[in-house]
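Presented sequentially are two complexes of chain A, the first with chain B as partner and the second with chain C.
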Partner chain A sequence: MRRLLLMLLALLALCALALMRGQLALSPLQLWQGLSGAEGPAHLVLAVIRGPRVAAALGTGAALGLSGMLFQTLFRNPLAAPDLMGFTSGAGLAIVLAMTLGLGLPVPLVAALGGLIAAALVLLLAWKPGQALAPLVLVLVGLGVGFLTQAASSFLMTALPPEQAADAQRWLTGSLNARNWGHVALLAAGLAVLGLLALSQIRRLEALDLGEELAAGLGLHPGRARIAIAVTGVLLAALAVSVAGPLPFVALMAGPLGARLLGRTALAPRMAAAALTGAMIVVAADLLARATIPGLSLPAGVVTGLLGAPYLLWRLSREMKKGEL
Partner chain B sequence: MLETRDLTLGYDRRPVLERLSLQIPEGRVTAILGPNGCGKSTLLKALARLSAPQAGAVLLAGEPLGQYDSRALARRLAILPQSPVAPEGITVRDLVRRGRIPWRGLLGPWRDSDEAACREALAAVALEDLATRPLAALSGGQRQRAWIALVLAQTPRHLLLDEPTTFLDLVHQIEVLRLLQRLNRDRGLTVVSVLHDLSLAARFSDHLILLGPDGLVAEGAPSAVLTPDTLHAAFGLSALVHPDPVSGTPMVIPC
Partner chain C sequence: MRLLLLGAGLVAIMLLAMLAGARGIAPADLAALLGHYDPTDPAQITLLEIRLPRLVAGLIAGAALGVAGMVMQAVTRNPLADPGLLGVNAGAAFSLLLGATLLGRGDAASLSLLTLPGAGLAALAVFSLGGGLAGDAGPVRLTLAGVALNAFLLSLVSLLVLLRRESLDVFRFWVAGSLAEAGQRPLTGLALLALCGIVLALLLAPRLEALSLGGALARGLGTHPGRVLAGALLAVTLCTGAAVAVAGPIAFLGLVVPPLARRIMGTEMRGGLIAAALLGAGLLLLADIAGRLLIPPGEIRAGVMTALLGGPVFLWIARRLRPGEGA
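Right, the complex of A and B next:
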């Protein structure tokens, strides 16, 4: 509990920093005045630009962290994250496709459909009848599906007018630029529902953790339980993608990093830790993306990519040493 | 009462056991015996609804298992599989707490009754003092007792165990079998386990089910089930059967 509290405090401090830094730097006093509603430039910056942006980063990160943790626990493999398994790029492709076709469908719905279709495709390709799913096969097939959907997205973008294509490109990298309170409201509502759904998967994960047979003996339908967990995970990832694009590697890193910071193994606190860590990663990545190089604002996805790729390599080498690959 | 009616079990279309009608005596200790591959585990799994029958049914209190809601069934009947998976780093207490899953539902809080059931389960297997230890730090016999505590925390009336003594040395085998017998005597728990050691099974069970390559060979009291004839039919083994000098139960001496 104490560590979770510390993580929460760290996240709040990070958010405060993210609210203060930017093209117009605010002092802590100005931040306080702006937050407490005093009129002025600080209030405007916070209410219109940085407030929704940081809140959106917070929500996206939490959703991605939860999603990654669900999949990693379900498949007992730190590599089983929705971004590596191609689900986020599936959601991304669906959104680009809807853009190209000019469909006026709500973005979260399109993202959810895309994510679910990608997940079904990965499952179908990785599954051999009568055999348990091998997590590594799942990850490799997922990488393949991910490449395929990314290629399809790139192809579709050539059909878009240049301006829209540039938008789509920035968006596909994963960016929190120009998010508004509408995005935040969507995230809050989505997280309220899906967060509760994720919490209700803890009991299922705890049972599945003991092996298929004991789980069934504890009153579970292992197959149905897996599907419920996976659908929750895909929807959480799709929610994040519909707001900030497929930010790479956040879902992959948040779970194991959160567990390390927490130092405990019970699933409920680990879930909270994954959400907090995911939020920290995205808030920090967005802050670095827009405030490290003066006058240049990168998409947050570039930073999570730069952080995540070395992490993935380190993780791969570790798994290889353990003989899991 | 747990019973099978014309039960046929098997993989693909190859039946392993055919038209088996058995009654598991209520409130007694039953052991399922037989050579490898004769369907002992398959039968035990079918008794817990872990595998679906090809034909016939398993009945609990007169109702086919298929009719039970799975959580309701898990509150009445618990099964410990042969090799359950230990979550990394889990403590004994956290392991035992998972036995309450069928009572809690997906978002149910941890109630006093859950705490009481876990405390009692840990006491029954004499692991209260080791509750905060990681499971991995325990000895083989203690670990098996921790797993038994998990299924006891389900507070079932029927407890099924698949080879609970495999991988244990003789002392720990006897310790586990004594524990199961005590749970039966003290709490009236119906215990069914798949066992390998015939003499130990005879000594610690009230009822034996002996399976052979062609299905059921014999069932009943140990002294009626373990005879040179049935052992030959089940295992193709020539053996003498003598009363155990301590308990008087049949002891198998291969010759």
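Right, the complex of A and C next:
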């Protein structure tokens, strides 16, 4: 518990830093005054620009972290993250498709549909009758579906007028630029519902972890439990994508890093740690993206790509040494 | 015999590539148009100034990528190896962009050579990971490492493009994954570069065949795996570097071509490499033609078309891998 509290404190400190840094730097005192509602430029910056941005980063990261943790536990493989398995790029493709066709559907709905279709496709293609689902085949098929959706996205972007195509490109990189309180409200509502759903799955996940037969002996229908968990995970990832785009590698990193920071094995605290770590990663990535190079605001997705790719390589070499891959 | 048939198919595709497009050319006119030069004839300008360079570029990039894919699959013993998927294309594109940004925009010929160090380093990374030196990587690990390398290099490319305005121009011109700008590339030099790579691969063919049986067995047959690997590395670097300089990063061609070549030519490596060159050139030209015809007057980049084709092929190969087989 104490470590979780420490992580929460670290996250709060990171958020405070993210609120202070930017084109108009604020001192801690100004931050306090701005937050407590004193009128002035600090209040304006916090209320209109940085507040919603940091809050959106927080929510996106938590959703991605939770989603990654659900899939990594479900498939018992640290590589089974929604971003590697093509679910987030499926959600991204759906949004670009809706943009191209000019559909006026709400973005979260479109993203959720795209994510679910991609996930169904991955499961269907990886599944072979009479065989248990091999996690590594799943990851490989997921990568393939990811390649296909990315190709389809670039195909569609050719059909968009140049300005819109540039928008779509920026968007597919993953960015937290110009998020407003509407995005934050969406994230908060979605996280409340889906977070509760995820929490309610913990017992099932723990039962599944004991093995098919034991889980069935506990009165669980393993197939249905798996589908419920996977749908929750996909919806969490789609929620994040509909606000910030498919930020790469966050869902992959959050779970294992959180577990390492936590140093404990019970599932419920590990889920909380994954959400907190995901939030820390995205807030930090966005802070780095806009505050490292003066006068230049990078998309946060570029930073998570630069951080996540070495992590993935390191992870791969470690798994190889342990003989797990 | 089979190679002759493949060659005939390629010639047919080349004819199609000259005739098809936003402005169609009748087959009967082709001989006359290729005959004497008349700079006022718009059809002839279309053919000679636009379509022929494109055709040559497609031949170079397609053949080079087919051969590079074949060599990479033999060395890594992995049916999912491809210069695009494993980051060699991205390495070449990044080093071109970085060099052009730092050194300023020189002439096209010297800029083209900037692809080579990046392609070489990325190919070295791939080979040291899955090249039989440090044990087999297995398709999942190798592909994921490629994903990581690609993501890292592409993030660096975005960073560079956002940092320096002039890199955006270089990026648009060089890194599009398209044959459309082919007329402005130093095609003769790049064709020579690609040819060097292809000839080197052909010379190495028997030893690559031995190597694909496994390092220990190859050594038993009197092959020095280290030397063969170094040669293969050079061949992949030359081929990929030339292809990226001609057309930008085009993915999946090196994935799709080798299984076809193996199906046609069996396990024999030298014939397989020639078939891969012919098939790669034909497929890339077909992708380019399809991209020109699909949404006139606009066009879809050839790299996008190969990716659309390559995704399903990747899935098909991935599904056939058994988890036990070193996955």
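Basically, the second predicted complex is superposed on the first by the 325 of 325 C-alpha atoms of A that agree within 3 Å, B and C clash if a C-alpha of one lies under 4 Å from a C-alpha of the other, contacts with A are read in each partner's own complex, and residues count from 1 in each chain.
Here is the rule we use: a contact is a pair of C-beta atoms (placed from the backbone, for glycine too) under 8 Å apart; a residue touches a chain by one contact, two chains touch by 3 or more.
Predicted, not measured: the structure shown is a model, and the values here were computed from it.
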Which of chain B and chain C A:Leu160 touches, first, second, both or neither: neither
Chain B versus chain C as contact partner of A:Leu17, first or second or both or neither: neither
First (chain B), second (chain C), both or neither touched by A:Ile293: second
Contacts of A:His221 with chain B and chain C, given as first, second, both or neither: first
Partner chain(s) touched by A:Leu143 [first = chain B, second = chain C, both, neither]: second
Contacts of A:Leu113 with chain B and chain C, given as first, second, both or neither: neither
Which partner, chain B or chain C, touches more chain A residues: C
Which superposed partner A:Asp209 touches (first chain B, second chain C, both, neither): first
Chain A - residues contacting chain B, complex: 196, 199-201, 203-204, 206-207, 209-211, 213-214, 216-221, 265-266
Chain A contact footprint on chain C (complex, rising order): 80, 85, 137-141, 143-145, 147-149, 151-152, 154-156, 158-159, 162-163, 252, 295, 298-301, 304, 307-308, 310-312, 314-315, 318-319, 321, 323, 327
Of chain A, residues touching chain C in the complex: 79, 84, 125-126, 128, 134, 136-137, 139-141, 143-145, 147-148, 150-152, 154-155, 158-159, 173, 248-249, 293, 296, 298-299, 301-303, 305-306, 308-310, 312-313, 316, 319-320, 325
In the complex with chain A, residue positions of chain B that touch it: 45, 48-50, 70-75, 78-81, 83-90, 94, 98-99, 101-102, 104-107, 150-151, 154
